[in-house]
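In what follows, chain A forms one complex with chain B and a second complex with chain C.
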Partner chain A sequence: MSDAGGFVYKRSVLVLLAMIAALWFALSDLRVEAWHGLLPLFEWMETTPFGVIGKTWGWAFATVEAFHLLAMALLGGAVLVADGRLLGLVLRETPARQVQEQCHTLFVWSLVVAVFTGIFMACGVASKIYYLEVFWYKMLALSVGVVFAFFVRRPLVAHVYQVPSNTIRLVAIASVMIWFSVAATGRWIGFSG
Partner chain B sequence: MDRKKIASNAARKDAQLAARLASLGIVVGFVIYWWNELQAVREMLELAYG
Partner chain C sequence: MNELIHSVALWLDTHGWSTALHESYYMYNWIESTHVLTLMLSLGMLFLIDLRMLGLALPNVPARSVAQRLNVPMLVGFTVMIITGLLLFYAIPVRTSQSLWFRIKLVLLVCAALNAFAFHRRMKTAPAGWDLARRAPPGLRLGAVLSLVFWALIVLCGRFIAYDWFDCSGEPSPFIATLAGCVPGQTQF
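Entry: the complex of A and B
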């Protein structure tokens, strides 16, 4: 894909290729093979100090979980405010760029905390979550959400005043959908097993 | 129009197209996934309570 001036639409091509690869992976046997291949990693995770602490001391797991939930709440808040602004629902008097920049900082820090605390928690219950389908959907949603936020949404928001509003709204809705899926599937893990 | 402006316009169009593609993919995936989940829950509730 390129325009009349010879500019190659690298980002668009990469997005299209990633979507085709994801679809192919989801429909092929490679998905099951990869799942089997990851079992030793999850067995090892339970033997790490994180896994031992998480399994031995319930209070340690609960404390880390509290920080994980706080980080998820902050992340959700940052997403809702940033996307709410793009949809024109909140903070309409504040410049869109300012809202996006401030929310992005909060988003990055809360994502870092959520990922690190999430790894600790996963080590404690690795053999349980490995067999939970919803855990893999959460990982898929998280991966898509992170790539979408940094590789698609952020470069677009840099041109927020020149981009058609329907594109901005579509991106905001997709962003809310993907982070809702991360949070909801995460909650579902708690209900399962 | 100078080269810098042309490149900036092209980068913006690229970001726009990528965002539209990715967003549509997410929206479609979201609808399919949650539709299937809700159907599964409905079937389980029907099995449990009739």
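Entry: the complex of A and C
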């Protein structure tokens, strides 16, 4: 293992500890206190132009929702191809690092569109989602996904040829599962409340 | 024609399984979630292929290789979407068959399928070495743009089906009523 690889592992362990701390926060009384403190923010969100548009015009909300779905589809495609390559399932004849770099650009752009459209939608139904447990699970999954993608997966994949292949495979499987959780909890928001 | 579609939908609606599926909170939502989440596999792969043709994704990977390698997972995704889509229709046949957005979605699906067929034909007849270029030849690029537009509209119509803006029960204008397939004197759902 190279020095670079060792550094990556150290940082990954720190991020994993941070994620465990976030999980502990999510399951403790501190979360309830923070939740009460966030109510004014959600009430304000409904009064913003996004909130007013989302509540007033159903077609605007549905159109933004469709773009949210399209962005999630592209994000899913980028994640599946990048992780599928790490697992040796797709584009095996193309160097892994090349696929990772090019998929990462698509991932970032689709994430930006998904987050932006997601904020618009959240403003339109802020007082509803505030009380939905599944919304907070989605936020937790999204936070874990972003931290994992940028601070665990990306540094490890940058050293894809030095890191043990089993570690890379585990990272790829975890990445697919995390982003599936983000999409699934998001879908379930529509069925709740 | 609309009367015939309406009678078939009414017949489907008499099936016990249709009612059971519609009234099952978890089963219906599981099927709908699977339908939507499979977008990440089917459309995800399709978008990557289309964007590769436009030179916006994986520009250093041969375009033919991207299209061939991602074709299988994409088709698996579309198969799941067709099965779950049929089940969703079976659960609510009358209202869905009379949804203007569902009808537009079906037309767009046919357009997307024809475009995909033409796209593959063009790919087979394209001159050798085309797939190493950053951007595909104009014919394939046009096919990729049409594919992106068709699928964006299909997703949009799919979202709009959930809304009752032009439902027959809302007494739409005669033009919309004809397009949506409303039948005079029909039982409202």
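Just so we're on the same page, the second predicted complex is superposed on the first by the 174 of 193 C-alpha atoms of A that agree within 3 Å, B and C clash if a C-alpha of one lies under 4 Å from a C-alpha of the other, contacts with A are read in each partner's own complex, and residues count from 1 in each chain.
Assume a contact is a pair of C-beta atoms (placed from the backbone, for glycine too) under 8 Å apart; a residue touches a chain by one contact, two chains touch by 3 or more.
Only a predicted model underlies this, so the values are computations on that prediction, with no experimental measurement involved.
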| item | value |
| --- | --- |
| A:Ser12 touches, of chain B and chain C: first, second, both or neither? | first |
| Touched partner set for A:Met177, first chain B, second chain C, both or neither | first |
| First (chain B), second (chain C), both or neither touched by A:Leu87 | neither |
| Chain B versus chain C as contact partner of A:Val113, first or second or both or neither | neither |
| Partner chain(s) touched by A:Val152 [first = chain B, second = chain C, both, neither] | first |
| Touching partner for A:Gln102 - first (chain B), second (chain C), both, neither | second |
| Partner chain in contact with A:Met72 - chain B first, chain C second, else both or neither | second |
| Intersection of chain A interface sets (partners chain B, chain C) | none |
| Touch list for chain B against partner chain A, complex | 6-7, 10-27, 29-30, 33-34 |
| Chain C-facing residues of chain A, complex | 58-59, 62-63, 65-66, 69-70, 72-81, 84, 90-91, 93-94, 98-99, 102-103, 105-106, 179-180, 183-184, 187-188, 191 |
| Residues of chain A that touch chain B when the two form their complex | 1, 3, 5, 7, 9-12, 14-16, 19, 137, 144, 148, 151-153, 155-156, 158-159, 162-164, 167, 170-171, 173-174, 177-178, 181 |
| Chain C to chain A touching residues, read off their complex | 29, 32-33, 36-37, 39-48, 51, 57-61, 65-66, 69-70, 73, 151-152, 155-156, 158-160, 162-163, 165 |
